[in-house]
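Both of the next two complexes hold chain A, though its partner changes from chain B to chain C.
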Partner chain A sequence: MIQKKVCMLGGFGVGKTSLVERFVYSRFTDEYISTMGLKIYRKRLSNNGTDVNMMVWDIYGEEDKRKVATSYMKGASGAILVADGTRPETLDTTTVLLGRLQDTLKVEIPWVLLINKHDLTDQWALSEAQLKALSVAGRPMYTSSAKTGKNVETAFEQLAQMMVRV
Partner chain B sequence: MLSLPTHLLQYLSDIHLKGLNPAWIKLDHDGLHIAEFYGDWAYYCSKPLSVGMAADALHPVLFGLLPMTENFHLSQISLENDGFFDLDILWHKGVCWLLFSDVTAIMQRFQDMQQTSNNLHLMNSRYKQTLERHMGSLIVEKVHSGDFQLEEEGVRQHITTLFVDIRSFTVFNEAHDAQVVMSTVNQYLDVMLKSVLSHAGIVDKITGDGAMTVFGVMPHEQSSEILAFEAALMMMEHTLALNAKRAKNNLEQLKIGIGIASGEAVVGIVGTHERRAFTAFGRHVNLAARLESKAPAGFILLDDPTKQALRNNYDQQSFDLTHHHLKGIGDMPVWQVKYTSDLWLPV
Partner chain C sequence: MPDLPLSEKTIQPENDQAAMQALRDLIVGPEQEKIEVLETHLNEISHPVATVEDIARALPESIRLRISEDQSLQHALQPVTEQAIQESVRNNPKPLSDALFPIMGPAIRKSINHTINTMLQSMNQAVENSFSIQGIRWRIQAMRSDKTFAEIVLLNTLVYRVEQIFVIHRESGLLIQHIANDGSIEEDADLISSMLTAVTDFVRDSFAPGSNEAINNLRMGEMELLIGQSPHITLALVCRGSIPHDLYSMMDEHLELLQREYARAFANFDGDTSLFVGIKDMLRPLMVSDYREREERKKFPIHAFIVIIPVMLALLAWFGWAWYQQRQWHDFIQTLRNTAGIVVLHEKKNGNHFVLYGMLDPQAKEPVTLLPPNLSLKNIAMHWRPYYSFEEALVFKRIVQRLKPPPEAVLSFTHGMLTARGAAPAAWISHIKLRAPLILGVLTTDIQLRDMDLEPLADKIARLLMPPDTIVLTLKGLALTMQGETTQGWLKQAKNTLENIGELQSHDETTVLVLDSPAYLLQQAMARLQPPTGITLSVDKKRVLHAHGKTLTAWAKLSRKHAVAIPYLASYHDTDLLLLDAPAYLKKQAVARLKPPKSVALSVSSDHVLHARGEATAAWIKKARIQAKKIRYITQYRDGAVIDPFDRARVLRAARKKLKPPKGITLDYRQGRLYAGGKATTDWIARAQTLAPKIRGVMVYDDRQVINVMKEWYALRASIQGIHLSFQAGTATFAGESEQKKIKNIAELFIKAHKLSKYSRLKVTGISSLYGDSANKIASQRAVLTGKILLNQGIRAMQQITAIKVARSGWGVEFDLVDRQKREKQ
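Showing the complex of A and B:
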């Protein structure tokens, strides 16, 4: 069994906690409770015969006045970057966080980008063309919904696969 | 600090340090295993501690961090008992120490502020999105940047007003369930409003099965008459496309009628401090509403000033002159365009 630390990174209110709760406990609530600091979840996955114990670090969301400290990123083997498809500006936050993560670790680690809240169709603000542009060059990107479970398991499984391969 | 009397130092220690409930560990020289431990570890860790035990078994937060060769701080880590602690890893004379401090009380005070702040940010974002939907992203950007201001006392300017409405809606409304009506109206409104927003128009109000929209409030290289007429053509075209799609699904097809008039108006904000709305006042605004009420399904009715402003841009053969008696206005010449999929308008 191998253990891997995975950081959930994104702006506030994009649904990081909801995605982890969906992935680990298969549950969802519409109530928004702002994450304070850090909560660690564990989930065991099996990848091609290798058991992976994922330690998912659900870290508070980045804000203008409260950046995510690099100390939370130390020792990470992978990251799930989360943006909110109803707030396109949160995509910029994921770019900033990815840069900070790579600067902190000094090495490239596997990551997957999730554009979350795809169930909110009437508020969705990203066109197909914009999504296509985001997924260029084989970057692992999915639209997701913590509410319906869309692509949640897929994203974590893909990340596990990428981390095992490294 | 050095001269602080012992009893005051003790007092400060009691109120600050004891509240933090510190627990600490001295690690072995390998920086991995417990050499000594002190404090209320039962609060932080469900496992009993023992000398020689691997320190990273205490809490998952330590996984991958040890051995640490520099001072390190990690704040606000959640505990299984709903508490929070801060972790400090400190080096002193070649020995590594782990310090856990309870910050639950601080976090509880902070949580309310954080929640309120985030909720306000999200509400602001939703407000901006709603504004964009009614006025278009162009105007919202200009409002945010201060390039465009809606004056409370109103600004007098030349604008074009377009009213659009679904024809025979009352009959449709009475024949269908309210939810079907709501969803159908939304489909048609989507077509109408997108056409307005893509031509720098502003949705003044949605009138159930139609809308009042204005053009020319936002600075644009095209005249307000051309923008409004282009928006009307797009609405007609997209309504035909929507109807073709609905026909394939054996759904009822609805048609729209449009009235357009131009003139001077006062545009600005009306309402109370709590509930404000953008609107336009002017004689031609009523005229546009009357024209829309007379427009048969698939027709665009225009007043003479609007038609004259379009004369260099569209084939005049497509405009038919009619006369109407309009309630509260009287007899007047009205131009009409019957929209068909093969309508050819450019000069």
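Showing the complex of A and C:
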């Protein structure tokens, strides 16, 4: 069995915890309980016959006053970057975090970008064109919803695949 | 589910009032001086408006403002804050461990509980059943607290123990190996591993940022975590109890060892833990523990017991010992009685002493060796007289002692019979034969020993001959006897070989059965095939079996089956056999007896049924039936297919079947002629003329006596059609007297027609030449009138009356004859 550390990275309240909870326990709640430190989840996946034990580190959301500590990023084999489709500025946060991640690890690791809360259609603030622009150059990007489960498993499984291939 | 709330809790202390107060003191404390200076300063510049209280009120706001401008205040405060936290932790680590405990504690505690429980299962039982005062005390303790008895025992006896070991990849926090005290598998070990890493990272980042100094000890409730770190891995020991100091150094040693052994693998770790299975055994020595009965609270008020117990114990011991001795003696006597070669005659107890009289075979076990351990020889007197026992075991001992058999000889003794097998020197063989019957207890002997002196010669012969399993060689002196069965080839070769063995004086193979000799094969064939009289068997030099003579198919078949099974027989030749019940033979017989005419064919089926088919005279058929019964092996004779073509009954039967003559036709047959007579329709007459000559036996078909009824009928119809009735114009009154006569004539004609065909119907049609509605009426009246008259003449349901109006003068009624059957058929 292969173990891999995966970090959930993104601004506060974008739905990192919700996505992990959806993925690991298949549940969702509308309540917002902001993550204070971090919480570690485990999920066993099977990828082409290889068992992958994913240790998912759900880290608190990046805020101006409270940046995500690099020590939590160390040793990660993959990352899920999460932005909130109803708050386009959270996309910038993911860019910042990706930069910090790569500076910390000194190597490129597989990652997947999720633009979350896609179910909130009336508040959705990104146009099709903007989304298209984001997904250029084969960047692994999905619109997702922790509420409906849209693309959640797909994203994690793709990440697992990329990590095992590396 | 509490997330890691540590930072928020300690840095935003509103969650914890006491800590908040402490923190505020800490933060503001060092500033107090500055505030005082500021205050003085303010006072100096004579602005007494702002009091200390004002500033205290303004300070939080100003700090907030300052922080929103830039971070310099934070930077200034940071070391102070952190130092303060550290100080606080040092003074009272509880808040911190309380903060850590929620995540780590339950997981570790859960698994450790499990460990303790399984480990204590056995110990628990031991203590539970004991009546030790301590045990009872622990029980009470367990009852008072909410802990299980097992836990209490552990708490009281355990000095320390390493429960679990985690080997963690330092950077990623991934679990490399996990070992549990009881070998169990901790489901959440990987989670604990990651959490532990997160916690230590957090602690380090919070208290000693930048430094590489790691925490090496975390306490959580009753558990303590020892943490050691090398560049690549973290080693965490989950311990219980008070840890001896050398455990730290042991841990460090192992850490170094691991680092040395696996440095490269650790550096390249990609999550695949399979490379590290060996670590488990390397770390086993760290799984140390120490249990000790705590010696405490020895004082116990038991004055009464101090006096009573020794007395009671002494009494008990004395009775016990006497009873015990008696028992032991009894057991000893029992053992002696059950031992071969020992007979206990009399046994008694004299005060402290035991006395015994008995008989002892010299070969028996020494009685003293059977004495129980706690029975002293000092108190025993034994008197033995010698005797010879006939017990098998002892007789056998005697035999072995007297005869001293060589190791190659195997002796056994049962039911008075001495059996000797194996090999021995010739001298000893004669010795045993002579001496054995003289040994006491030996009733008979069965001695079959190979002469060891002849063994080399026997070996040589066996080696040269290589006899098959079916051959037994016996060497008596220098004479060899060969017994058993073999083939000609082997025997011939063996004889040659034996001639060339010089040491051998003679050899005898006369009783050997030569399996492939014609004589033996014939004997076998006779035995297996059991030929009936009339059959002769012979076997030729080529080992072919021949059978001659007369027999039945069943035997021939069976003999083939048996012949195949005879070993060494080359083949079986039985084509010379005459099979008395073979169809071909039986047919010949049948032809000879039945003498069938050329027109009859005979055949015999495989089930011995004789069939005859063809044509023959009735006389032959009858005779053949009698003859057929006389043929042997014919089970049945079937002649259904033989016919006499001129048999009257048969021909008539065939004719009736083929021609299906109607009721009015009679058939007869005489000398090849088929006669038909009576009335028939044209159709039938024509059909009979074509079919009749095809019937076997019909040479001529004569139907001159057949009358064609249809011809007559048509003649009658023509007559009927030619008759018309005339009426007075416009009435239903006949034109004259003659009309009544005509009706009579019609009736006669019709009766004739009806006799020819019962389906005949008379059609009466009323006609009127008038126009208008009354025409129909008149036509109908005319027809009805005629019908009535006909009815009176006896022509009943046969008439059919219709009325039509037609522009024709003269006639009032027309007649027609119709055949209803024909109509129906159409």
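Heads up, the rule we're going with is that the second predicted complex is superposed on the first by the 166 of 166 C-alpha atoms of A that agree within 3 Å, B and C clash if a C-alpha of one lies under 4 Å from a C-alpha of the other, contacts with A are read in each partner's own complex, and residues count from 1 in each chain.
Here, contacts are C-beta pairs under 8 Å (C-beta built on N, C-alpha and C of every residue); 3 or more make two chains touch, one makes a residue touch a chain.
Being a predicted model, the structure only gives us computed values, none of them experimental.
In this overlay on chain A, chain B clashes with chain C. When the two structures are aligned on the shared chain, A:75 is found in touch with chain B and with chain C. When the two complexes are overlaid on their common chain A, residue A:125 makes contact with chain B while staying clear of chain C. Residue contacts after overlaying the shared chain place A:86 against chain B, while chain C stays out of touching range.
Look at A:13: by the touch rule set out above, it reaches chain B but stays clear of chain C. Of the two partner chains placed by the overlay, chain B and chain C both lie in contact with A:36.
By the document's definition of touching, of the two partners only chain C reaches A:1; chain B does not. Of the two partner chains placed around the shared chain by superposition, neither chain B nor chain C is touched by A:99.
For chain C, the stretch among 254-262, 308-316, 470-478 or 578-586 that collides with chain B in the superposed model is 254-262.
Chain A uses residues 3, 5, 33, 36-40, 42, 55, 69, 71-72, 74-77 to touch chain B in one structure and chain C in the other.
By the touch criterion stated above, chain A contacts chain B in their complex at residues 3, 5, 12-13, 32-34, 36-40, 42, 55, 60-61, 63, 69, 71-72, 74-77, 86-87, 123, 125.
By the touch criterion given at the top, residues 1-5, 33, 35-40, 42, 52-53, 55, 57, 69, 71-72, 74-77 of chain A touch chain C in their complex. Partner chain A is touched in their complex by these residues of chain B: 60-61, 63-65, 72-78, 84, 107, 110-111, 114-115, 117-119, 121-122, 125, 129. Taken in their complex, chain C has these residues touching chain A: 1, 3-8, 103, 169-175, 188, 190-191, 194-195, 198, 201-202, 204-205, 270-274.
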